[in-house]
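In what comes next, chain A is part of two complexes: it sits with chain B in the first one and with chain C in the second one.
So, the complex of A and B:
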């Protein structure tokens, strides 16, 4: 990666457009949402949403950079939540067992997704569409079979609650915000400061050339699928602990929202271009746009319209900057 | 004399046949075995059965195996009931366009029909069913609104995670109308589809509304699951002591909150009563010719709050709630 510390250089980094989009929507809601929006309670409002989405959006984004897609995350969120609730709520077994099994299922589904993609050469959209429905079916079928209900209660106290499903720093931020920041830091290191990062970009650019260059593309693909489905299961698990309850439905919105965040964050839908920091900003942008609306005086029936227009604006801004960045050539000697 | 004897014999047999026909054989059609809601209805049917059997009748609960081939399967069950020569039929009118012809055939075959759970009073009149026993969404909303108004809430937020759906809109409208009549106001918070199923997004939206409008003193959600999110949103806004939480429908976590005092009430459509009353009303109409002037018979809204939570929890344990 080219490091450039000048202002022009910073603006041409892949995440610059995403950052400016973020600033734009933040200003928009600071004007229309007023002071409450910027107070700690208001800020936590979008940070909490961003955290849960961001934990899933980054691995989904890495898959997109590598030229793949994982939509089964939409089923993994309720799967993680329900596994935890059934094991530790319905059966009353220790919460750590529930957490371990929930994450274990995440790894398992990721392995299946990844293996299917590299073995069958069926597009990953279709493979994960299959596992999306399959996992939804398993969640509904097993839950009803075991508990005779589609909603399972769960009460968690002690360290597990404090670590995964509680509020920190003045009781406003969910613990998942901490996890999100920690995961983001790990991903930044993994993608931008280790050799694996360049492998991912190479895979998204041209998979055959990447394999010929000696990159273990199969193993990397499987690893990325494991990361995304385990992350989704993680979010489901911590939500179940926080909200003391799990439902078989829900989680579907994470599919679309994660992809939107990734694209707003400057990742190309065709793969090969993007950054973890960009996805991070994109997720915050999406969360601000979604939650900021509640601090304004706009009629709530128009929410979706405003969300759509603002997101489009953020992406256009991002694209403009990316074009500038990619077509930029340092001027050599004026005139 | 011989003629008189024959006549007497004929009358006796007729009476015998008539009384045999009068002991009500009843078929009830319901949802699948996996469906918790229909198991509560089954509990109601089972509790009504001894009375029917004591009078010489029978009750048969015909259930769908699954919902994969819904409308044809329901119609098939109605045809099965007709072929069994039952005297009475309790049927939810889920898919009117498919079920109506079969229900009309049943009535034409001399079967007395009650619509239960789905269909409504107008449909019962149209088809010639003797009653509709079930729930209606708007009155359920009104009951919620009246409860709020009676307990002093002046500004209630109705959280609608499925805006545009007829039943959820009717629930929120009922709440709003009743509170407005009581001198307060209620606004609907329609959440965009991007929030549906994301507990944190729902909780944060509710928190934001509470922070923005400090006069809000009540929150009602259109489903039991959304109330789990609302409970966190309210406590995060720091106004848990001033904001009263309610939900349409109920789940285990919600009942625990009502018991602990962090949720005020839940509105239930009381499926147990749908099963129990349908069978009892139908059997007594067939056996004894009774007719119920109340039309439709609404089994909900039933309010669950601190005053009846203990009995409700007993009902949960016995499968009736």
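So, the complex of A and C:
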């Protein structure tokens, strides 16, 4: 991490663009929508969106830093939700079993994705496009086969509900916000403080050199795919517990939303550059735009336009900051 | 003369039906720079790939300190102390100098699961190692590698290899993409590596660069060692001519082809000096 407290030093960090984007979006909605979205009710609306998206966006962003992409998360969210609902709702088995199997499937799909990416020379976009459709097919096919329905109800009470899918702090904030903050803290340590983060950046910078330098690139790639699909499954599972039901559809929006959050957050699409804090800011920015529109007089239909403009603006800004970071050299003699 | 660190003995390499290298014999000694010369397609890259563990010889052997070795992978070769530095340095443009220097062997501090990357230590060691090679413009280990000049990136890669105990340094056209001043930097670093007792293989198209650092020259033509001579045994004109494919190269080429046609495809033995 570049630790430099000057203004120039801050602008050279990967999250600089994301932070400025967040400020711009906050100002925009403060002007057009008043400060309602910063009051508790308004805040929880976008914090809930940010939390569910952020839990997925960070591992997707880490894969992107490592030079890979995982779009199968779009199918893993309903898969995780449906697995929990079928096991614990339809069959009435203990909820902990449903949770364990849902997360287990996340690990399994991640292993398959990662293994296929390292064994074949097929780009991960194509591999995970395949698993996206395959998993969607499995979810729809199995659910209809088992339950004769595309929507399964589930009733959860007790500790599982309190831990994974309940409303906290006055009844509007989802428990996933807590999970999101905890995961983010773990990822920040893992990526920016432990030595393993360095491996992810090196893999995205130049995979062959990274492997020759002794980094277990194959194991790291598989680990990152497991993280992303398990995280998506986790979000699906906790949503099923929260809403007491699961649908076979839905979840596809997570694909693009996660990528937008990651790119707005300053991660380079081709890998090798980015930060967890940047993705965190990018996710919040996305969530505010997504929800903030309700607090303005604008028609809801315009929010995609704002997101599109935001994305392009963020990418241009991130490019500029990255060039600044590259050309930075301390002045001679200045220490 | 000291014993060679690394030798190729009668090495042949074929890719399917295509014979790329014929009976290559090369010796590398500590503190010596071997310039590998030859036109595109002469087999220089294949020789490097054999030495750096990317390919294995079809026949013949690689000796290290007189003992036969096989390199299972580039990683295996680098564990034997053979470091390859490619044209663009093989470093990571968007990583800091300290971080890219220690990729895979990051220094950490702290205990148990909370070991953290020791940025100060990494930066200090990396900057010191590069500065010892005479690149005094690098003072801040937080700078991104991509912001360094081509020569500085090469120097960083070479300093890194030396720091981690390389004994043989393979430089694949390190000066090809550089300007005059930057190339001089790199040549100075090659000399420094030589002074520290490394064996260096230097691949270049530029005679001036080869003459400036080379102790020993091998010319590859059509996958065979066509000439093998020491510093001072040939004039610059002769070497230029050999490299540029002039009259003496043309005659050598014809000679080798004639010999190979009449000797089952074997190249002529190269006179030992």
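Keep this in mind: the second predicted complex is superposed on the first by the 318 of 335 C-alpha atoms of A that agree within 3 Å, B and C clash if a C-alpha of one lies under 4 Å from a C-alpha of the other, contacts with A are read in each partner's own complex, and residues count from 1 in each chain.
Quick note on the criterion: contacts are C-beta pairs under 8 Å (C-beta built on N, C-alpha and C of every residue); 3 or more make two chains touch, one makes a residue touch a chain.
Keep in mind that this is a model prediction, so the values were computed, not measured.
Placing chain B and chain C on a common chain A by superposition gives a fit, with no clash between them. More chain A residues lie in contact with B than with the other chain of the pair chain B and chain C. Of the two partner chains placed by superposition, only chain C is touched by A:273; chain B is not. Once chain A of one complex is fitted onto chain A of the other, the partner contacts of A:145 are limited to chain B, with no touch recorded for chain C.
In the superposed model, A:83 lies in contact with neither chain B nor chain C.
Within the superposed three-chain model, A:214 lies in touch with chain C and out of touch with chain B [touch as defined at top].
In the superposition on chain A, A:229 makes contact with neither chain B nor chain C.
After overlaying the two complexes on the shared chain, residue contacts for A:184 are found with neither chain B nor chain C.
Judged by the touch definition given at the top, the superposed model places A:201 against chain C, while chain B stays out of reach.
Closest C-alpha contact of chain B with chain C, superposed model: 32 Å. Against chain B, the residues of chain A that register as touching in their complex are 36, 39, 41-42, 44-46, 48-49, 51-53, 78, 144-145, 148-155, 167, 171-172, 174, 239, 242-245, 247, 249-254, 256-257, 290-291, 294-295, 300-301, 303-304, 307. Listed in rising order, the residues of chain A touching chain C in the complex are 1-4, 189, 193-195, 197-199, 201-202, 205-206, 209-215, 268, 272-273, 322, 325-330, 335.
Residue ranges of chain C in contact with chain A, taken from their complex: 74-75, 78, 90-96, 99-100, 102-106, 108, 114-117, 119, 139-140, 142-144, 146-147.
Residues 34-36, 39, 163, 188-201, 203-205, 207-209, 211-212, 224-225, 228-229, 231-232, 236-238, 251-253, 256 of chain B touch chain A in their complex.
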